[in-house]
Amino acid sequence: MAMSAQPSAVGRVRVAHEGAIATVTLDHPGRLNALTVQMWRELAQVFSMLSADTSLRCVVLRGAGGNFAAGADIREFPNERADLDGVMRYHLQVIAPALEAVGRCQHPVVAWIEGVCVGGGLEIASQCDLRIAGQSARFGVPINRLGFPMAPDEVRGLLALVGRARTLEILLEGRVFDAAEALAKGLLTRVIPDDELGAEVARTARRLIRNAPLAARLNKRIVTRLCAAPHELTQAELHSFFSYAESRDHRHGVQAFLAGEEPVFTGD
Amino acid sequence: MAMSAQPSAVGRVRVAHEGAIATVTLDHPGRLNALTVQMWRELAQVFSMLSADTSLRCVVLRGAGGNFAAGADIREFPNERADLDGVMRYHLQVIAPALEAVGRCQHPVVAWIEGVCVGGGLEIASQCDLRIAGQSARFGVPINRLGFPMAPDEVRGLLALVGRARTLEILLEGRVFDAAEALAKGLLTRVIPDDELGAEVARTARRLIRNAPLAARLNKRIVTRLCAAPHELTQAELHSFFSYAESRDHRHGVQAFLAGEEPVFTGD
Amino acid sequence: MAMSAQPSAVGRVRVAHEGAIATVTLDHPGRLNALTVQMWRELAQVFSMLSADTSLRCVVLRGAGGNFAAGADIREFPNERADLDGVMRYHLQVIAPALEAVGRCQHPVVAWIEGVCVGGGLEIASQCDLRIAGQSARFGVPINRLGFPMAPDEVRGLLALVGRARTLEILLEGRVFDAAEALAKGLLTRVIPDDELGAEVARTARRLIRNAPLAARLNKRIVTRLCAAPHELTQAELHSFFSYAESRDHRHGVQAFLAGEEPVFTGD
């Protein structure tokens, strides 16, 4: 591993080391850390590297500038998610591998959540092992205003945290809600006063690195194994699901969002 | 669809339309909306029709007269659930299809819950996507006082909401509890002061119909798919389960209830 | 059944009968009821016997002397869990059958939880149907300080209660927490002021025995069936999991605990 205590130069997903703790920072200035395709790919690469680094015992994941992440960068959608092929590639080959890399990290992963944690940001946080949030953080999945549903591999993370009913509530209502509600729903490990959040995350990481790393790895592996989905979706099911990509409402929702206009969905 | 803004004439399960919102009302006066076989069948038919109606974007389900529903109408049990065949037919061919029709409705379904929401009433509410209750509503499954267990297809709805431990607690204790406890258990989306409940349900429905209907349908479909039961029960398992129908305690429990007497269960 | 209202003489797992209620007491004086191999075996035998006793309608499980149980008796580990074979035998043939016997008991089982309920104690409580705790009870699974993970059959009990995220939180952090937090996490049915706990457990047991015993048995059976794990672990998976037994950190963690020293884990 060539990483040092200084930020690495891999772009908008920065990594810093301090002993056995690595801190990954999502950093997209002026965009609430919204993830570009490049950032999703960096996130996957960074977590694959960190997972293999046996000198580590804990990874902290946060966002720069007072926010966790606002989700995927919608400005890229007209290019990256323009048709059925693009939509399937974006969700199955860009987002899913990034979420899987976070979820499969061998070390305990702590999400340090400030500010906005919505959409893809919440999907990333859902893959972490502990989610410690400041009391003013905000949560939700408002993608129904964009005209498309949450992709299957992304739904799994929410389902594992909050179960069927609350997942559907979050998706169907699309509300943005506060940290107290997120805690009550089961989305968070704990909520901390904003000005004590950094200290609490540091304390938690220091406690985690004192534990036996093999025990942590095996605990993560066995829980994942026992919660394994009974049936994977077939290619035909995935194709059927993602065929929404060619609907009028999907195109309209993204266009309206980018134009700052209220969408009007017709059901077509 | 021939339905208008006026109540339809399908009986004790009434439907009214207002734009893209349909409201279904369970109405069995003097019986706390307890569902007869006829009402279970109407409920299945009504939801199958509404699900296929592409002019809709939201269904609200409520009870008339200040209560959601008290469950199945036990006065029919001596005729409809008199022996093993009758019990299996009642649960597998009457109740299960009604619950499935509510759960499979393509549009978001909001339960508007006032007053009593117990037994089969709670089973119906469990199939809705959002459950918004007034603070004085009451919940529970007191069927252990009737001498019989909850049928498998009916248990699934509770399990999906509150998991194994709380489902067993609800079934084994048979307590009736208040809305705050129901919320804490995960049975409800939110609890609202009684005098604001109707306005909150209306606000929620109006928010839901502004969202992309295809996204809502796909979100419902994918969550259902990912939560699919790993193994269906075999016919032999169902037969074994329902053989309680021929026990002394089952007959006694229903008779005691109808006579207004305290049951004495002997284990036979 | 030869048991009477007097404590039986089966050792440190005592049974007393009062009508249709049996009370099982874990009793290991001076050791916070930590379970020896002999006690795990007695627990399995006692619950198998009680489950088959059709004169019963409820079992209460508690610890003597103001504590539920501190888990497995670690003083036995150097003899009983000395190598891979010993570790697999200990978890698969000693603990797992005891937990399974509690979980499979045909009658409703109520855990009466005072004081310490950690590690194996919490695993036992997780197999009961209702968990009623005093407000000063304490919970957690601090085994990561011993250098080993929770065994698969033991993880299942926690997963069934609190799901994936909270199970991982409990295992990775290894914190000991209070009854209010345990209730919020979903580990408990209810929390009662310490001086009213015994009366509440007695009231609950008396309510349970008035219900139809066949209905209780079928409710337990069908919930268990519907929550059945989709895939059992293979022997190869179990062997791979338990190979931690031969790690340096596992040996060191137990030795440090027994010596009253702070462990230093190296990842080997």
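Each chain gets a letter, A, B and C, in the order it is written, and its residues are counted from 1.
Going forward, contacts are C-beta pairs under 8 Å (C-beta built on N, C-alpha and C of every residue); 3 or more make two chains touch, one makes a residue touch a chain.
All figures in this text were calculated on a predicted structure; none of them were measured in a lab.
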item: Same vs different contact residues, chain A with chain C, by half of numbers used; value: different
item: Inter-copy rotation, chain A to chain B, in degrees (Cα atoms; steps of 5); value: 120
item: Chain centre separation in whole Å, for chain C relative to chain A (CA means); value: 35
item: Sites on chain C at which at least two other chains make contact; value: 163, 230
item: Footprint of chain A on chain B - complex, ascending; value: 54, 57, 108, 129-131, 160-161, 163, 186, 189, 204, 207-208, 210-216, 218-223, 225-228, 230
item: Interface residues, chain C side, partner chain A - complex; value: 143-150, 152, 155-156, 159, 163-169, 171-174, 229-231, 233, 237, 241, 244, 247, 249-250, 253, 263, 265, 267
